[in-house]
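The first chain written gets the first letter, and so on, giving A, B, C and D; residue counts start at 1 in each chain.
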Amino acid sequence: MGKKRVAIVGTGQTHHKSHRPDVNGQELINEAVQRALEDADLTIHDIEAVIIGNMDHFEGINYVDCWSVDGSGGTMKPIIKLTTGGTTGSTLAIGGYHMVASGMFKKVLVIGWEKNSESDTTGAITTAFDAVWDRQVYAGAISGLAAEAKSYMDQYGATNKDAARVVVRDRKHACNNPYAQLRKEVTIEEVLNSPMLSDPVHLLDICPRTDGACAVIMACEDVAEKITDRLDWIWAAANRHTYTYLGDATYGHLDSLTRASQEVYTKTGITEPRKQIDVIELYQPYSFAGIMWIESLGLAELGKGAEYIWSGATDMGGELPINPSGGVIGCNPIGATGLIRCAEIALQVTGKADARQVPDVNLAISTGFGGCFWSDIILHGKNKPDY
Amino acid sequence: MEDIFEGIEPMVYQSRINIPYNWWAGDTASKFLLAIRDERKILGTKCDSCNRVFVPPRKTCPTCFTDNQEWVNVSDVGILEAFTVARRQLAALPGKVPICFGLIKLEGADTALLHYLGEVDPGDIKIGMRVQARFAEERQGKITDIAYFRPI
Amino acid sequence: MENAAIIGVGMTRIEANKIRDTFADLAWEAVNKALDDAGMNMDDIDNIVTTSNDFWDGRTISCMAVSDASGAYDKNVSCVEGDGTFGAFYGLIRILSGSYGTTLVTAHSKGSEGISSLITNATFDPIYERALGLDMITGCAMQAGAFMHRTGTTAEQLAMVSVKNHGNARHNPLAQLPMDLTIDDVLNSEMIADPLHKLDCSPVSDGCCAMIIANEERAFQYKRDPVWIKGVAFCSDTYFLGDRDLSQARSLTEAARKAFAMAGIGNPANDIDVMELYDAFTYQELMWLEAMGISADGQAGRDLEEGRFAIDGDLPVNPSGGLLSGHPVIAAGLIRIGEVVKQLRGEAGQYQVKGAQRGVAQGVNGRCGQSHCVWVLDKNK
Amino acid sequence: MSKLERLIMKSGDAQQPFNYAVGMHGSKFFNALKDKKILGIKCPKCSKVYVPPRRVCGPCYEEMNKFVEVGPQGVIGTFTILRYAFIDPGTGERKPVPYGYGFVRLDGADTLFQHYIDISKESSLKIGARVEAVFADQLKGMITDIKHFRTID
């Protein structure tokens, strides 16, 4: 696909927390950027362009690309902002890919961030939907997701217990990730007994609110191979932002992820994702998505997602580990979240994932979710793509 | 073609985005604002690499991208680099016009601070004039703890 | 850079209040005009980039509003937040990456729906600045004063930009404010923030622009002669106004230097036939011209007086009337590119610059020209 | 750094007012709502009926211009009951909870219409349950002219 092959040469994350009173937004961004530069053994002067994103109304700052240059290092460099809601982080990663693949920039710094502690997250997300039609009754991401889960349960008979199993997995995985916010195991009973937020979603089914930033450095082939021999190659990317109104969406399976993943599989010749993919970082903001959306990814037949989860196949040590980092259940600085998925996969592919490392990763997937049931997907590989 | 909107007046839905924000100042800005609040002192941070002194202070030098370790006291007196006088009652203005804004480069600083100008006839403001901070009587740890800068 | 071209442009009229239209309605109109212009249909579009701003639209994920109406239903799509020149840049990049043959780029905004003073106050840092109550006008007024102080540019020269651009708009059927003005009209208009009078400032506007960019192979498959993209670059200065010499636009100087070098422009003052610049305020047109090396430092006002930037001058600037005659934020930069395309195709009607072969468009993000994007377009490959 | 007081800047009563254009399709919908009629719009190509009405059928990329009356009864497509407190961005105040949040497939429509669902008979709330619109006492041509949907016995 690309004119130039593109690889990730460095990543950096903050230690994600419920709130970071010690730093302002620019300083939070800077922590992730400095870590990514250190990881790639580069300085800010090596960076040719910066792509940044978040969701404006979480922090109430307009023109964040311009405001953030003190932290991002964008001073006297090209900076551009991409924003697509929850998918922002994965949108940024795809943006970084195109910037480098174009041949116009050799090294690009990609930054996603959010300080969700600075506002009411649900209040702010509610403004993502149409003021005239949707905003009156919509109640943030949890309400839409709850409606999705309810529909799925109705169609396929899944249970709260099935969903809780996903939480148990991700919270256990998060204990291996020093950057995760929630690093404490939970039991199925604890999930089921946690307060009901929006039927059928309990408090422990849903991701936390987080302050955090993530930075990823991408480079073109000839430069990347000089920087390091531990490269995460971008094989393909696709997305679908299928719906404009919430009521148009198909509830119970994530159309947008099915279509985007099919595009990527077709481009790269993947016919049996369950066998060919070694690890997935799924943008899974709540437990039920861990069952439903793996069906949309083609890992299980419709209605069989829970069975696959219960088999242990997606646990560490299983056939196809999902969310070794603890995923979004472990932390969710929204504008960074999709990029964290990408960065975590880069760690997996390059063997830098320490306690959360999945052995022998060759092909891996990171995804993004957001907006009106929108999906982004990136296929990563250890070997240079041969096209 | 039939006009499907015949007799329909276009409607407007009046609403607002009203989300309360709590911005953490962070340790660097807190130190700056507390020094103004508690000691009526204006602090800057200094970059080890380029030696520039930033007011308002920055944790990291925007150009060198290294952490600014050193804190320095700067003067409460400086030179006016740019200004305007708001004459129309624009919605963002917190008080009645005319309101005078200026960029003030304090002695000892390499960057200019954005603030109000006061105790001056708007017509007498000139770029290059010397001004001094007038601190607010009641200070709350905000940028408005400096009430304004006045000519000297 | 590999060859890529603009093969379709569609614009709504720029108006003070498009009360009948939602964002989706605006996008539908502009996109269909662009498709018609190019002789394409939606199936010919490989991917889509929409450009909008959540603050101006009063909506988080503002791009969601125009997704269906921009044809994004089952296509790869992305969304830039910022000026339309930046949206177009990303649209171009997605072609140069080899991933897509054509990109549809849109940019929209409706200034009429919000309160621009409050929206632009939100560009000021919430810890060090926001409570002071500045906005885009008072911020830019300080810059105007600093620019005039350093260069000796006069209020009359600023006013002359307004006279020229509103005058040019009389020939542009899409412009919001065609006006027959005198320098005194400008100087006697309400003083909003010293030194900016009402007629030194661009209006609040609604509008949308759509554009189709193609790689070389696809550029020849449709109706129109392609207009070739020869150079594009963008650059950001520091955020805090007090960190910069506010009277200079060094990030524009850098962006222009790069874009001109890509396009092989050695002498910008001579090698460009037409320019569409981001004149949100009168002083900006002069300041940007100097920063791009079109006029010597401090000389743009004099060059203007001598008629150099008039439609029949040797380098016409903003023949469409510019932002002063209609400023739908976000769309404004994409409209600049679109206007240059019209000029190079020879389709600008009564504001056509004779024999225009090569043109420059510019867009701005952030406060007081922090971040600039410069495009060089050419009639010839 | 020594232990420092950590300051917070507050936005206070700052807010961003907007005059959102309803659009002609929406205006026609609300005009009809004053007569307790609910309008959808039909795609000339795929015949799908959308509520709320809008100009473009996304999948077909076609302009739609045929309004059709739908409802006022329908079935619950999916729903949830909101139980957690959050800030309503339209008011800046906490929104009263719990409330029923429903996606209703109105009779004659293909898409789901979001609105409140009456939760006083919670056990009757099921996907597929029939519901009807309950109109407000005073009709003003606003979305709140429908008070909520309630299940039909």
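Rule of thumb we're sticking to: a residue touches a chain if its C-beta (ideal position, glycine included) is under 8 Å from a C-beta of that chain, and two chains touch if they have at least 3 such contacts.
Predicted model only: the values in this text are computed from it and were never measured.
S.K.: In how few steps can one go from subunit B to subunit D if every step must land on a touching chain?
M.R.: Between subunit B and subunit D, the shortest chain-hopping route counts 1.
S.K.: Measuring centre to centre with C-alpha atoms, which chain is farthest from subunit B?
M.R.: Between subunit B and the rest, the longest centre separation is with D.
S.K.: Counting C-beta pairs in contact, which chain pair ranks first?
M.R.: Counting C-beta pairs in contact per chain pair, the top pair is A-C.
S.K.: For subunit A and subunit D, what's the span in angstrom between their mean Cα positions?
M.R.: Those two chain centres are 29 Å apart.
S.K.: I'd like to verify one number: the distance from the centre of subunit A to the centre of subunit C, where each centre is the average of its C-alpha atoms, in whole angstrom.
M.R.: About 34 Å separates the centre of subunit A from that of subunit C.
S.K.: Please report how many Å separate the Cα centroid of subunit A from that of subunit B, as a whole number.
M.R.: 36
S.K.: Which residues belonging to subunit D are in contact with no fewer than two other chains?
M.R.: If we look for residues of subunit D contacting two or more partner chains, we find 6, 8-9, 11, 14, 16-24, 26, 54, 58, 87, 89-90.
S.K.: What residues in subunit A touch two or more of the other chains?
M.R.: Residues 21-22, 24, 57, 59-60, 69-70, 75-76, 120, 123-124, 127, 131-132, 135, 242-244 of subunit A touch two or more partner chains.
S.K.: For subunit B, which residues are shared contacts with two or more other chains?
M.R.: If we look for residues of subunit B contacting two or more partner chains, we find 10, 12-13, 15, 17, 19-27, 29, 62-63, 142.
S.K.: Treating touching as the only link between chains, describe the layout with one word: line, ring, star, complete or other.
M.R.: If you draw each chain as a dot and join those that touch, every dot ends up joined to every other.
S.K.: Write out the stretch or stretches of subunit C touching subunit B in their complex.
M.R.: Result: residues 19-20, 58, 115, 117-118, 120-121, 126-129, 131-135, 137-138, 141-146, 149, 190-196, 238-243, 246-247 of subunit C touch subunit B.
S.K.: Enumerate the contact residues on subunit A facing subunit D in the complex.
M.R.: 21-22, 57, 60, 120, 122-124, 126-127, 131-140, 142-143, 146-148, 150-151, 154, 195-201, 242-249, 251
S.K.: Considering the complex alone, what residue numbers of subunit B touch subunit C?
M.R.: 10, 12, 15, 17, 21, 23, 25-26, 29, 54-56, 62-63, 81-88, 90-95, 99, 101-105, 111-116, 122, 127, 142-144
S.K.: In their complex, what parts of subunit B are in touch with subunit D?
M.R.: Contacts found on subunit B: 4-5, 8-27, 29-31, 33-34, 141-142.
S.K.: For the complex, which residues does subunit A have touching subunit C?
M.R.: Contact set of subunit A toward subunit C: 1-4, 24, 53, 55-57, 59-70, 74-85, 91, 94-95, 97-99, 101-104, 124-125, 127-131, 238-244, 259, 263, 370-372.
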